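One chain, chain A, appears in both complexes that follow, with chain B as partner in the first and chain C in the second.
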Partner chain A sequence: MVALSLPLIRDAVIFASLLTMLSTGLTLTYMTTRVPNFAHGEFATMNVYLNLALVQVLGLSPYLGVVPSFFFGGLVALLLYLAVLKPLLDRGANYVILMIATIAYDMILISIINIIADYLNRVYKIQTRLFQLKGLDLDLLGQPMIFTVAPALSLIIITVLYFFLNKTKFGIAMRAAIENPSLAEVIGININLTYAFSWFISGGLAGLAGALLPLYMTCNPDIGVRLLISIFAASIVGGLTNIYGAFLGGLLIGLAETLGTGYLSIMVGPWIVPYRPVIPLSLMLLTLLFAPRGLTGVDWRKLLRREAEA
Partner chain B sequence: MTIPEVFFIDLLTIVGLFVIISMSLNLEFGYAGVPNFGKLLAVAGGAFFVGAVPGRIMMFILSPGSGLDFVQNNIEAVMLLNQVFASDALASIIYLVFSLVGAAVAGGVLGYVASYPAIRLRGDYLAITLLAMAEILRVIADNWPEFIGGSMGVRIPDPFRWVGGETRALAVAVTILAVVAIVFVYLELVLRSPLGRALRAMRDEELSAEVYGKDVARLRTKTLMVGCAIAAVGGALYSFLTASVSARDFNRVTHTFWPWVMVIVGGAGNNVGALVGAGIFVTLRKFITFYKSYFEPFVPFDVVWLEYLLLGLALIVVLLYRPEGLVPERPTKTLRRKELLEIAERVRSEASSK
Partner chain C sequence: MIVVQNLNAGYRRLQVLFDVSASFQVGKINVIVGPNGSGKSTLLKSIFGLTSVYSGSVKFNGVELTGRPPHDIARLGIAYLPQLNKVFENLTVEENLLMAGYTLNKSRLLEKIEEVIEIFPIIKKYRKTKTGLLSGGERQMVATAMALIREPKVMMFDEPTSELAPKMAKSVLEKIVELRDKMKMTIILVEQNAKKALEIGDRSYLLVGGRVAFEGGCRELLSHPQLSTLYLGLR
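Take a look at the complex of A and B:
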């Protein structure tokens, strides 16, 4: 057995925390609008560049950029819902058309991200391709601050979401709108508002993750699609209809991906590192084959009872 | 050949390639409603097959004693094979046909394997799985040098060498257009067959199709296998056009997103729509590429990205305001036009006599 190494565990914890923010957001919009959002990776990438601009042009600390990134990410997502998905839903479009629309929006975002990257590079002479901001991270107890901030933020988010969905009136209304839209509408819940809000939250969480990404890994305008595989894998492992499942899935995929690649590269050789996305893909496929409703869709109690009887 | 001729042949070639790919997507999405978001998987799969397999087999058959490895000694190996092909038309054609058939089989197998985990679930799971599979195939080809030379790619022997010189481009164009014609006729026949009607029933109302005894998962698998086989032939033809295969040539935008734009803009559910969509799209792109150097000095970014922006916007606008596309799908007639008119006449006369 290879000994645990601190940098590897640190990487795994940071990535898993960031992934939970992305997968909970994706799952939230899937629960409300019933469409897997193929532009979710780009919501994060967009904010990688917003934060880069704030840090390098205005000289802000990368951690301060988290706040505008939340709102910007939220607005980018809200625009997708209000300008594209809502009108399509009103016309009775099915989920395939909605998926295509999110891919089209994804292309628009890719284009804008690249234009911003080119612009920052040519006008402000900032390195915008294959860059990272690790050097600007602060030091906390001899470790980079992101090692504490990412997991803490991830826990805060899931706690806040829990209280929002269970203790506030609007949150309960949102759950009602998810469970039975027509019934919720009958008792006076504004479904459109709850759906729009879920998109804002989803984009905002992706924005938070995006703002913190450059502190952890090398970023490039095309990281969106690589993230997307992990995000979908995390959400599907979590069941796609349960945000706590998505949180769990994010942790699981994030840890498996990072630790798996790390240990395999020590044991087999560094040539295996580029094949990293195979890990989330295989976990996703296993889930689809054996428990298509995800970890939270399995009736664990029944399964355990059956095991005990056998 | 004059410059306009070269331009025209080049245009026809590229349009032909994209017509093949978008017709395959039309079969999957337009006929059967299967959201294949991993079109790249089959296109790249076909091209990678051509890069990895036929060259090795040809080396084994034609010069077994040379000791050259097709990928490691790629340049020497390809030169050796090209010398043979330059004088032997028959061997070239056999090589070409074998490669295309092989690519189709490889595409079908890829389609089956990649869709298997999600074929019984709602279409969005299938879309996600196919998209992820396509990305993984690209990652593998890009990082595994023994397969098709990794990020460097490989050259492949040229089956059009015996045609030689300037007419080569014409020969490639004719071959591609011939494949377009075959695929077009085949898909039109499928559309008019009971299978075609079953596919559209599945697309319009899955539950009803199931009630009438159609095995939806099987129909989907079949559709994806055939669709992927056709797309793989498209990918294989692309590699013969450039006489090389490289993982870097294949990406999600060109080989998944563009065909979707073509099918949706042209009109899903009919092959003429796919043809029109691909035609308009490729011609427009050619002009954009041609004129973009005029804009280059005025903007502080690469003009290429504006193209993505325009295409994304165009797709959303079409989805919102003309979801049936430029050429809308028409109901297919199960009888000849003449017979239908006769029946209509009979019904009318019966009604008037009453």
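Take a look at the complex of A and C:
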């Protein structure tokens, strides 16, 4: 058995925390609009580059960049909903059409990201491919600050989401609109507004994750696609229709992916590292095969009781 | 007053209503009866903008309703108690009631919630319970309470007494009479129990195959020699 090493645990905690911000957002828009959003990874990548520009061009602290990234991520997502998905929904498009539309939007965003990366590189002489900002992180108790900020932010976000969805009128209305859109309309809830808001929040959370990613890993214009595998795995393990499930799924996939790859590379050799996505993919497949409704769909109490009786 | 004129409506390509015209009288109980599948629920949904309207119009006090989103229609003072899926099962009873008064201000809403709890005392002990865990009849009470909270000018009920025990059904119908007499509310009532509904109602419409087969006073329909036996199962 290989001993737990601090850098590995640190990496796992940071990645798992950032992944929760992405998986809760993907799940939220799936719940409202019923579309698996393939552009979700790019909502984060856009803000990797927004924050890179803020840090390298304007000299801002990478942590200050999370604020504009939240709003920019929100707007990029809102645009997808208002300009593409809503008009399609009004015409009665089914979820396959919607899904293809998100893939198209994803491709457009990837092109834009590459253009931005080239532009920043040429005009400002910033390294925009295979770069990271770890060197700019602050120190907190002898550790990089991201080790504290990422999990703290992740916990704050899920708590705020809980209060929003359960204690505010608009949040309860969003749950109502998710469960029964036509009844929600009948009692005066503008479901289009609640859906649009869910896209803004979803994109905003992805923006937060994106802004912080370069403090943790090497970034490139194509990381959105790689992230998407982990995001989908996290949401599916979480049951796809439960925010808290998505949060747990994010933690689980994030930890499993990082720790698993870390241990395997120590045990069998570093050649295994590029195969990292196999871990989230297999966890996703196992969930689909054996617990299709995810972690939160399993009746744990019944299962435990049966175990106890056996 | 709600006036429906030459309405053709349905669900995307499936037309259900054919050239339906009706005018629902202010401060009266307007009863809609007809066999299963004749389009009663579809007519109510069409008034509320929940179907595809191909042609014709629906006017509320002169304001055209077709083409408006339902949440707008709700704000004009029309409430609708659907026949199916009439409560939010994942929300607690209290959250359902809060949502029902979405368009009211907070203090008025809390007052109204106390009022409906007096009518349906059973709600009180389920306030924090997920509505999906209640029995059919209990859900019906929550749904009726939700409709009453909104203090609408027009109240459309789609089979409000289905799933209720006879005693509770009777008191819901009494409540509807009271809404007309005390609150001067305009009621549109779809009922499976045609006889009971026609006894408390003023004006009546008989829908058959998506068309209006009879329009007139409730007494008139009740005592109609052919229609009452043919479509309402009364002798």
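Descriptive notes on the structure:
Keep in mind that, in the parts below, the second predicted complex is superposed on the first by the 308 of 310 C-alpha atoms of A that agree within 3 Å, B and C clash if a C-alpha of one lies under 4 Å from a C-alpha of the other, contacts with A are read in each partner's own complex, and residues count from 1 in each chain.
One rule holds for everything that comes next: a residue touches a chain if its C-beta (ideal position, glycine included) is under 8 Å from a C-beta of that chain, and two chains touch if they have at least 3 such contacts.
Please read these numbers as outputs of a predicted model, since none were measured by experiment.
Of the two partner chains placed by superposition, A:Ile156 touches none, neither chain B nor chain C.
Residue contacts after overlaying the shared chain place A:Val57 against neither chain B nor chain C. By the touch criterion defined above, A:Met99 reaches chain B but does not reach chain C.
Residue contacts after overlaying the shared chain place A:Phe232 against chain B, while chain C stays out of touching range. Taking chain A as the reference, the larger set of touched residues comes from B, when chain B and chain C are compared. In the superposed model, A:Ile112 makes contact with chain B only, not with chain C. Chain A uses no single residue to touch chain B in one structure and chain C in the other.
The part of chain A that touches chain B in the complex is made up of residues 35-36, 38, 84, 87-88, 91, 93, 95-97, 99-101, 103-108, 110-112, 114-115, 118-119, 122-123, 225-226, 228-229, 232-233, 236, 271, 274-275, 277-278, 281, 284-285, 288-289, 292. Residues 29, 33, 35, 37, 117-118, 120-125, 127-129, 131-133, 135-136, 139-140, 142-143, 252-253, 257, 260, 264, 300-302, 305-309, 311-313, 315-316, 319-320, 323 of chain B are the ones touching chain A in the complex. By the touch criterion given at the top, residues 92, 169, 172-173, 175-176, 179-180, 182-192 of chain A touch chain C in their complex. By the touch criterion given at the top, residues 12, 48, 50, 69-71, 74-75, 79-80, 82, 85-91, 95, 98-100, 102-103, 146, 150 of chain C touch chain A in their complex.
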